[in-house]
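This report concerns only the one structure given below.
Going in written order, the chains are labelled A, B, C and D, and every chain counts its residues from 1.
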């Protein structure tokens, strides 16, 4: 049977995901702040430690993507290419190396959701908005000091994040929290539901052919809402660090399994 | 870390899925027909054979659900309880036993999508509609002979299924294609993208505490559309068998792994 | 040019609305309560007075509809037939007669929105959910005492109404607030934007061939949220009256203009 | 009662539309072609004639907007600022002057829909996608010759327009079909449904403070689909003229009523 992802068929055409590599171009807004370090530490699996320095640092990141397979046909049928996501990133340490780690993430398409699951991103579906910069007219910020953006997330019809960002100047980087190789878990409970996992892996990955565009830093505001099925209120800001808006493109093809705990064959 | 499904956290509250059991109540429309048996056989993984009898039989099934966890709180916040799905089911044989097998399925919420992945249903997101019966007024069918229903699926803004169903009489069953225990694969490619799978299981499962309500049979029409990323045109009807509409409720808690091909530990 | 509503064309086929009559079948949940009578009175146009008795009475009503034209073809293409709405209704008096009046309303399809504008309902788009009763299984209330429903509204990704309803018994009616002929305004500002209206009418209407199904009364909870572009917090409950769930079908074809203030010809 | 549009209230805060002026910034893709001139002429109301020259010329235009009121607060809550639209424009002549006229249009938000109704645009809701240019990475066209875009429309889950555009060079203009002041009808049938209109106006309007950004011309493909409730198949291309992509910003505050046919007072 063929197909990178389910459904697998004789031709592979129906696979929810095309074969990697996958290409991405878009804009990212990263808001870095400090929260209670114990709230960060409690999101790490056994064997993974908090970062040595600044262990309460966390980033919430919006991304407004166009993405496609290596055949590029999605770009001419853009319902299959455009999506947005928002995610929380922390840093951690495993076997002596520091990593970034996505602990919560929402996207607005199914293919991005499952692509993320393959990569260990714990993706749910949400409603995500991010102001776009404009070059003409009055209905948007220009990419210059004073340019103001809004960024929001809603899940199950509840507004969970309200943020604003104002450019103060150019920047040579986009922060330090989401800048390391990712360290993710890939989990799937057994169908027996006995508390064990059929899939239990620790993986790492990085993008390649990353191309950085215009990058700005600025000040921001952030408020986190509550929901019966989310825990964002545990990540309340104690101190804001800085915000960053940047254009970025990259490709992704694969990662590396750092640890796998297989069950016995059946 | 706690949580039945990702994201796993210290409390488990943010898990995309609550712990099973999960309860379902709703209506199902099953349209059974015969297609080219080779088109059915090509959707079976190695080691799984076509059904001994009527190997070209297939069903396309719409379901309009309310579903909840064992805490029932979703029923008071119905955005977390209501969803629709449409799926294609074939029959097959494994180690001498016959099974039903879902080969394509679309749902309209993320939690139903991932719940399905846990069960081996190859779920994507789609836009699904099914006429509802009414008890008063003129804007819908009554549950009696002559009652007419429409049922549709669209994916990526393309209408892929158009069907109509007309009740001809009461029925004691809802067909034979979707009536056996399910035989599903659970797959997740390795993060290395080397063509091997980190998760490769053959599982079976059944509902329990199934409660059957009013059940009707009838005639139907069915037309399947095409898409750059679907293969429904390979499943064109050769002969229509019968349609069935029924009310059904059930619970689900777990299944059984029939075969697991683990990779080595890392 | 033909067509009941825009766009008007040579054939009329593209009209956003088919010719009346329009038929409706569905379920309604009405929650009646008392708010500050001045908050009700301020929603009345000049010349319309508060109701003589119980002038602070108000109802918030969810409806889960199937609707169609007199050709009934929408019922076989249910994306064109199914929608939900939630609305606030008050009572008022005009020229000695009492009326019901819808002051706020949200629906989830464009055709229902414009159909409402034709009728003077001030419709916006929202995200609306209402628990459905079930006949089998555990995932929903039965239509009997103890059956519990949830009902919600979100607009612009903000949850604006959370309500629950629990059946206490059968009822012969569905309350008194939404039970009178409707008294609505139809307004369209001049394109000159000079503060005058090109369309300024006071209209009344009623359904016909109303068919009432099972009807229940019960207790309820209601909480109203806030938004930068809504005013629901002005309608906070002071005293709950009663809730009602009922099945209802009806048809609608036209109303009567009570007062029209035309501008001069151009 | 206050409020530019319904619902009108004591404060005006809940009005579906804020007071003009409204500001817009975005990108437009216009594809100009020739169709059967009789198909254009049949979309003109009595008293309006086809254009003197090239009467079969027509444009289909996608727009990807950010828009806001004069208070600019929507730009910090972008769910209230971002929307897309696609529309068909023809040219016509009234009392000796030539105009552009929008004959069909779909948008994806309620406020844009009703804003358009105020302006005489016959807006429905649709699902609209347009490829965005990128500055980095491989997932999108650059604004230079060879840059390829896709543009689509779906309504009621049916794909109605598929188009592609490829930049061939810079352009000093964006075509001639959508470049004149608009000539629109504003219609609302009487509540009596007797075939007469309570609102029957011919209006004209133009944007102001228009700011033009980068503009490109190119070649394109266009295919139009069919639907039970649309008439796009009457507008099939006979000859393609040219495509244009441009950045544009403008403001809008009001128009002029050219003709009003009022009913008598009631």
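Quick note on the criterion: a residue touches a chain if its C-beta (ideal position, glycine included) is under 8 Å from a C-beta of that chain, and two chains touch if they have at least 3 such contacts.
No experiment lies behind these values; they were computed from the predicted model shown.
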Each chain counted as touching subunit A and subunit C at once: B, D
For subunit A and subunit B, chains touching each: C, D
Centroid comparison with subunit A (C-alpha atoms), farthest chain: C
Same-site or different-site touching of subunit A by its copy subunit D, using the half cut: same
Cα-centroid distance, subunit B relative to subunit D, in whole angstrom: 41
Interchain centroid distance [CA atoms averaged], subunit B/subunit C, Å: 35
Rounded Å distance between subunit C and subunit D, as computed from the means of their C-alpha atoms: 30
Touching two or more other chains - residues of subunit B: 77, 79, 127, 129, 152, 157
Residue numbers on subunit B that touch subunit C, as the complex places them: 23-26, 65-68, 72, 75-79, 81-82, 127, 129-132, 134-141, 148-152, 162, 164, 209, 211-214, 247-251
Subunit D to subunit B touching residues, read off their complex: 127, 129, 152, 154, 157-159
Touch list for subunit A against partner subunit B, complex: 1, 4-11, 13-14, 16, 19-20, 42-43, 45-46, 73, 77, 79-80, 103-105, 109-110, 113, 117-120, 122, 124-125, 156-157, 185-194, 198-199, 201, 203, 205, 228-231, 253-266
